[in-house]
Structure formats: structure tokens, C-alpha cells
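To start, I am sharing the structure in question, which I have written as C-alpha cells.
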Amino acid sequence: MNSLVLLILIIAGGALLSYFGHKINKILGNITVFAVALIIPIYWFTQVDFTETVSFTVSGFHMELGYNMYGRLFSMIVMILSPLALIYAIGYMKDQKKLATFYFSFLFSILGMTGILMSRDFVSLFIFWEIMTWSSYLLVIFLGKDVQKTGIKYMVFSAIGAYAMLMAIVIIYKNTGSMMLSDYFGSFAGFTLQTKLLTGILLLLGFAVKSAVMPFHVWAPGAYSNTPMAYTSVFSGALSKMGIYGLGFVVVNLFAQANLEIVGYVLAWLGAITAVLATFSAVFQHDAKKLLAYSSIAQLGYIVTGIGIGTELSIMAGLYLAVLHAAFKGVLFMVVGAVERQAGTTDMNVVSGLVRKMPFTFFTALIAIIALAGIPPLGGFVGKWMLYESLINNGNFLMVIMIFLSSTAAFLYCFKFLFGLFLGQQELEFDHVKEASPIMIIPMLLLSVFLLVTGAYPGIVFKYIAEGMTNLGFHNVNWQMSVLTNAWGDSVNVQHVYLSVVVVFVAFLIFITWRGYKHATKISTKDISSSGEMIKPEDNMTYAMDFYKPFERVLSPILKYKINKYYEDFGKGLEALFDFMRRIYTGNGQTYAVYVIVFLAILLIFSKSIFGY
Amino acid sequence: MYNDKESQKIVDIIQNYARKHSLFILAYGTGCGAIEIPPTMTSRYDAERFGIRGSATPRQADVLLITGYLATKSLKRVIKVYEQMQDPKYVIGFGSCTINGGMYWDSYNTINVLDKYLPVDVYINGCMPRPEAVIAGFVKLQKLIQQGKADGWDIYKKNIDEYKANQKKIITNWVMPDFNF
Amino acid sequence: MEGIGYKILGAVLTTILAFVVGMFYGGFSRKITARIQNRVGPPVWQNFLDVLKLLFKKTSVRYGFMHHIAPLWMISMSITTLMFVPVLNDGLFFTNLNFSGDIIFLLYIMVMGSLGMALGAGSTGNPNSAIGVSRGLTQMVGFEIPWVMALVALMIQYKTTSVTGLMEVQSQSGTWLMFSSPFAFIAALLAMPGMFRYSPFDIVGAPSELASGPISEFGGKYLSTMMTSGSIFAFVKLTLYVDIFMGGASNLIVLVLKTFTLYMYPVLWGTVSARFRTEQSVRYFWGWPTFFGFIALIYAAF
């Protein structure tokens, strides 16, 4: 049997098995989920033949499934992150109800992503895209929090994206007479400028919604923070990358080939603006989930910028950041989930000082935050470096400054995340907190190890990126195991960085620990120098409220006149729009009949001017 | 290295030299003597030329300066601050009030002899001592450190029970954290 | 193996050099401040005595893992930065790992130390430390922007992103970049006091306002490691400025002269100014320095 069909069957079967397993018994269900989570990646890494294709014809549409190297790169993200998140979910979702639905939707969204990445035609792409959207929608509303706002927002934006895509597909079919992606790519150069822009931008719209680029990011904060965290790590880590996947081939394979780099350039600018605004928003969040959600948007902004610029180094940077983002955001959402489960809240104004209770969780969070902040020697730095260098080599100096502003401001929320949850005063009300269960810790640790290793050997990721970039038209991509080089020949040897940091660190660790560490008493955080004030254990000394007030004051002119107003107006406008749209659905059959007739009439009257026949 | 007596001696000399010339003071300035600290530190008398420098927190400080009378209420705070300081640490009793109660000798809410509660290394008498006297006191402390005689912190550790008993006699509501060093 | 032996020896020598020079700079700055205030001031080697004393002090408390490794984190980042900054234009011992890093890398590794200290300060739970950190990070967003603008302008203008590349540009043309790209130099120079945290930008430590800010709960060995790291880092920053804008140095005496001249600028400014509030400080950096940064970028690009 064809290995790709089998892969899809395995995932779908896994979904059904875990659904029924959980219907019967929780333990049986968990065992099934665990088994599925092991089988899928093992099967994918050992048995799937990436040269195979499947093709079949359904009602006249020729459909074809098969991997290319670019899809395989993204599949690796899905295939590594999703099983880990599934295993994490076993621990995280232990006390929840409706687990059958949860795992069913979870596995179906994996199915959707897997399908998207091996679709070679638009029909299957669209079908799998919708499977992914719907299953993720079910998970967004799973906890039943804020369904009205976030669920509908997510759905509406996804629908806008999907219908933009559908429209593009229809126009493409009309122009090429084929649903195959390759036919579209091949004949793109022959289109008129209008068709080029129309199809391309509609496709971009569809993908941009999923990757939360600036005007379409509104759904993301709510959806990311209301989903069960076990799924959010996939949602932000892998699912949003499907948008990046699409953006990549549209921008590079289509527009850049057709001398329309301007589209990519505009996209890059949008990415940079997204990065800056989302970072500023993240800094002022006090809910750790919201903070991470905004940070995801910002990070996706970097990736979009990298893809949009479209040079070899920048695409490499974008893809590398995409892989790394999956890893560290996966960890961070899992960390937040663990904190939520163990401490009961993720509000950073309330919770504090968990480092003494949850050391392993803290350690993974620390590694992930260092990678997120892009600080050497961990892996995140490599992506940031390549992004900057590619921008500088291109002379996009304003974009460099914006990205730099964003990533410097990112230190603020990075610190706030660690400080708010783990550091600071240890309060009595969180005395009962215990370390999360091993089944939640192990996936986080595994991803952290990946982040540590990519710091010294980013080449293990470059290998797959370079292979993937052959499908974007970049052959013989220059990469080395641990030396980064830009277009001007300047380089960074990350292995030397690692070596230097580790040697000095260990030397001083011995120096500072030797004679003294064992004599030192570990004291509570209430025993601080307080100018003689006697702090009782029950006194709350946490400083977390309005943590970045000075920064807020600095930005107050911008915040007051730009962001808030913009967001509010946008929100109000949307709400008014939705309210109006709701009124269309009167519930009266005759009204609907009138709509249909009016629509058909419009089509008949304007068909000539719209479609040309 | 630490078993070797000769090298131990050399280490001691270096150690005491460094300690002597770098005194971070933490002024407990609730008494009226605190007014004499600014002139001591600033342009006119410039204590910094002896390596004396203000420090903000007890973790970094070497010298605890008790400037004047100590109310029983604030004794608790002083003890806490003293215990938060890291060894070796020195206490300077500043003004007559710390020696015998001074003009508050019969007050119901001040302590009379500081040495009962904390091991004082150097007393500076006067009401108030002038900055010259303060600096003379510091020089005396430096001499003691050089000779290795400023070991109040060690005495406090050895006679901890006695000191604690004395302290508890004064402080009725004892809510102090345990001693840590 | 001889190569590696030389490398290690060079690295150790560079570190010691940076430590000694940085410490003396601290001593000189204290002395100069004292003289300006009409005092005698401590001897110039006072900082050595402080570090030595703190080393001999007992470290009897700890607040846990992050508190323990924060000073290590700082010093490993300082020394790593030192390894990647060219100390002299050419020399046997001081090359270290100069050719393995470039400016973007240096920009990033330079903030890592502060982040480590921020985490250590956070883990002590002292509210003063947390306030200091929040101020420090905010201020960092301020001064990094003009500084990065200046560097990006240079990188675009001279088509190289490495420090050694910029030094080569200077040695070939014979003019220092501070004269050939004056606006970038002005922007970088105006941003510089923020990095050194002397008045009016001493809002992080903020003596007599925040106790001593992030380092409130660090004493003994921890504090001495931090002071060591601070002095090394001061040397690194000055050397980087000299390398980029003032043509580097061909021997140690020239290096010391140049860096010391540069160092006097934040110190002297500090002695005569009062402290900014955080938002004032950031607004300052986003005002004229950023304006000059823009001009530098435009100058570089066209």
C-alpha cells in the first residue's frame, strides 16, 4: 500500500481510536493517545517514502498527493511538535471532560496539516485546509470561554481567508484549466498582470490569516489564549506555519519569479510592523497566555519579513525561525499550561515565585526564553542573525531598525514572563504548588534539548532547510554545520561562542561554588533587605502590577493615539459589521429565497464584466 | 593550603589589609547622630579616602553604624539588619547613648548599653561626636582589623544564647526569623 | 597544539588586562569625581581592594539556583564579548576569537549579561531589584536604538558587518570613522552614557532611591564576581567604540589613552548631572541621538 495513504489512514484511524477509547474509558483512551503519538512520528520518520505520489480523480478533478522537500521541512515541525504536545496533553487534560472530542479534533488538525503539506493540487489543499481550520475551531471553543468573541473572530477570519483562497482557486482553474499547483506555477508568467496580482494576492490573503500578519492578526491573541494549552503549542508552533508554508511558495515561486518582488517587499514591511506592534502589546499584558499569544504574532512577523525579502539568506532565516519558533513557543505554551494546571492561574500580577516549586518547568522556560529572545549561544540567535544580515545586505535599513526595536522590546516581555511566573516573591497562597507530572515535563525537556543543540549545531536544521529551498528555486544553498556566513562574507562561528561561554561559565561556577555553597543557607524570599522592616510570611511583597509603567509612559503618546484607538475602532467596526451580517439571517425561508434570487440575478447581470464570459 | 601555617599567615595579612581598606558602611540612622554622617562622607571630611563607602543593603555592608539612641522598638530592626549582614561584620556604637544611654539613661523605651545586644567593636563617644571623632573611630576600627582583633561577629556567634536572652528580655513580641549564617 | 596553547594564554592575558584596566578606570573615575567635588578621594586601586575584600567575605545566604548563577552568567557574557572584540589592530596574544563574530553578534551578546543579572535579581524577590530591572530594560530599549542605527549605518556604508572589517576600512583610508561618518559617531556617542549607567542615566542602581537596585541582595563572592564582570565589560565597551570609530589601537598604550579619553565623557557628564526619570531617559535617547542616527542612515544609504 502507498505509504502516504497509509499515513493519512494512520492519523485518521488514530483519531477515531482515541475518540472511541476515550468514550469507553479514560485510561484506555490515554493509552491509545500515547500509542498514536508514538506511532505517527515513528511511521513518518521510518516508513514514509518521500518520492511516492498518490493520484486519483474525483468528479473530474485530478487530485495528487506527494511530498516535496519544502513540504517535508514543515512536516517535520508537525511530526515532532504534535506528538510531543499529544503526550503533554495526556497529563495536562487529565481532569477535563469531553476528552474524546479533544483528541479527535487534535488528531484531525494534525491530519489537516499533514494533508496540506503533501497536496499537489488546489482541491486537496483546500479540503485539508478546511479540515485543519474546523478542527482547530472546535479546540478554540473547547473550554467554552469567551466563545462569542474569540471563537467567532477566529471563524470569521478563517472564513475570509478560506474564501479568498477559494476565489483564487476558481480564477486559477478558469485560467489554466487545471487544479495542479505545478500547472499554476508554470503558467503564472503567462498571466496578465491583473490575474497575477489577483490570484496571488487572494492566495496570500488566505495564508496571511493563518500566519497572523498585521491586519489579520485580530483573531490570534484570543484564540491562542483560550485554547487548551496542550493544543496551543501546536496551534502557534505548527498550525500557524501552514500560513508561512503558503506564503513561502507564493512569494518566492510566483511573485519573485515574475519580477513582482514588490509584493514580497510589502509583505516584509507588514511583517516588520506586526513584529513591532505585537511586541509592544505583549509587553503590557499581565496574563501569561496573552503575552505569549502576542509574542507569537511578533515572532511570525519576523518569519514573514524573512520570507518576504526573498533573498537566499532571508528565506533561510525565515524558515529557520519557523522551525525554532515551533520549538520554543511549543515549550512556552506547555510551560504556561503546566503553571495553569499546578497554580490555578496564569495572571502574572497574582502568581509569583514558582521557581522553588517547579524547577524543571522553570529550566525549560528559561531555555525557551533565551532562544526566543535570540540571545547567543542558543538556537534562536542564529535565526535572528541571518535575518538581520540579510536585511543589512539588502540595504533595508529601516526594516532592520524596526526588527531591532521589536526584538529589544522583546527582552522586556521575556523577562516579565520569567519574572512574573517563576521569580519574585514566594507567596503563601502558592505554597501548595507542586512540580508538574513527568509526562508533562518530558516533552518540554526534549524540546529544550533541541534548542540547546541548535545553538552549537544549527546545521542539523539547515540541512533540511537547504533541501526544502530547492523547491523554492534556490539550489546549492550555502550552509555549514556551525558557521554562519552572510552575503558579504562576514561570519559567526557559533561553536566558538558556545565554547567560550561554556568554558568561562564552568570555570566560574567552580570558583563560586567551591567552599561556600554548602555553608550557605537557602533562605526564603521574605528574608530580604527591607530597611529593617519585619516582613511576615503572609505579607505580599510581589512587585508585578504595572511592571513596565515607565515604558508605558514613554510610549503613551503612541499608545494613546495609535494602537488603542486603532484596535478599538477596528473592533467596533467589526462588531458593527457582524451585527449587520447577523441581521441578514432572519430565519425566514422566504428571505433566504430572495437572497438567492438576488445573488443569481447579480451574477447574470455582471458575469460579463467580472468573469469575462 | 589552609593547613599550612605560613601561607595562612600571608593570606591573613592580605585579607586583613583588604578588609581594613574597604569598609562599606550601613548607617542605621534613626538616632540624632545620623546628621553627622553626611559631613563625614562629603567634601569637607571625605571619609572615602580611607576606603569608607556607603552601602545600601546589609548584604553588601561590613560596618553597621548605630547612630545614637536605640528605641526598644527599633532594636528588633537593628538585630535583623545585623543578622542579615555577612561575616565578617563590625558594629560601631556612635554617641554616648549607645555606651550608657546618654541623656536617655532613664528613658523607659530606649536601651542603655548596646553591647549587651550586639557585639560592638568600636565606641565613639560624644554627644554628638564630630566628624573628626567619627573618622578617628573608623581608624581605630581599621587598626583592630589589621591586628585581627575586630572579631565581634565571632563573639556574637559563640555567645549567641546569651545575646539572644538579652534581646528577648527587651523585645516582648518576638517575631524574628531564625538566625542565619 | 602550540596554536591552542597560544590561544589559551592569549585569552587569559586579555582577560587579566581587561580586568586590570577596567578596575583602574573605576578607580580613576572615583578619584576624578572626588576631585571635582573638592575631596581627596580614595586611592586609584581602591576597586581592587573592594573586590578582594568581597572575595574574602563569607557568602552565607542564597536564594536558589538563579541567584547563584546570575553573577556567573554576567561574567561569562563579559568575557565572551571580550574574546570577540579585537583589542589591538594586530598582535600575537590579543586576537582570541575576533574573526568568529561580527557586530550583530556583539550587539546581542552584550545584552545577555544584563538579562542574566535581571533574572538573578528577580529570583531574590526584593521589590527594589525588580523595579531596577524594569527600569534597566526600559532604558535599554532607549539607548539600543540610536546605537544600532549608528552601527547599521556603518555596516551599510562600508559593506561589512564585522568589527575587523571596519577596522580595515579605517587603516586603508587612514581616517577614523568618527571623521568619515560623523553622524553615526555622534549618534553612538550620545547613546553611550546609557550603557555606562553614570548619572543622569543611573536609574538602574539609583543609589538612595532603590537601595542598590538589582544587586541589592548580592554580597560576598557574588558581588565581587559582578564587579569583576562590570569592569571587564566597561573595558570591552570602550574598546569596541575605539575599534569602530577611532581606528583601533596599535599598542596597549594608545589603546589605554583612547579608551580613557572616551571613558571620561560619561564620567564627567555624570559628575555634573542629576538623575533622569526612566521615561525622560528613554525620551532623551529617542530624541536627538535617534535623529542623528537617522541622518547617519540616510548619509550611509545615499
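In this document, chain identifiers A, B and C correspond to the written order of the chains, with residue numbering beginning at 1 in each.
Convention: contacts are C-beta pairs under 8 Å (C-beta built on N, C-alpha and C of every residue); 3 or more make two chains touch, one makes a residue touch a chain.
Keep in mind the model is a prediction, meaning the values are calculated, not measured.
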item	value
Pair joined by more contacting C-beta pairs (B-C or A-B)	B-C
Centroid-based (C-alpha) most distant chain relative to subunit A	B
Whole-Å gap between the CA centroids of subunit B and subunit C	36
Mean-CA-position distance for subunit B and subunit A (Å)	58
Sites on subunit C at which at least two other chains make contact	58-61, 211, 216-217, 220
Sequence positions of subunit B contacting 2 or more other chains	56-57, 59, 180-181
Residues of subunit A engaged with two or more neighbouring chains	521, 523, 526-527, 529
Residue ranges of subunit A touching subunit B (in the complex, touch as defined)	521, 523, 526-527, 529, 532-534, 536
Contact footprint of subunit C on subunit A as seen in their complex	353, 355-356, 359, 366, 373-376, 381, 384-385, 388-389, 392, 395, 397-398, 400-401, 404-405, 408-409, 411-412, 414-415, 418-419, 423-426, 486, 488, 490-493, 496-497, 500-501, 504-505, 508-509, 511-513, 516-517, 519-523, 525-529, 531, 541-544, 547-551, 553-554
Residues on subunit B engaged by subunit A in the complex (per definition of touch)	28, 56-59, 74, 76-78, 80-81, 84, 175-177, 180-181
Partner subunit B, residues of subunit C touching it in the complex	30, 34, 37-43, 46, 49-50, 52-54, 56-61, 207-208, 211-212, 215-220, 223
Complex contacts: residues of subunit C adjacent to subunit A	58-66, 68-69, 71-73, 75-77, 79-80, 83-84, 97, 99-102, 104-105, 108-109, 111-112, 115, 118-119, 122-127, 130-131, 133-135, 137-138, 140-142, 144-145, 148-149, 152-153, 155-156, 159-162, 165, 211, 216-217, 220-222, 225, 277-279, 282-283, 286, 297, 300-301
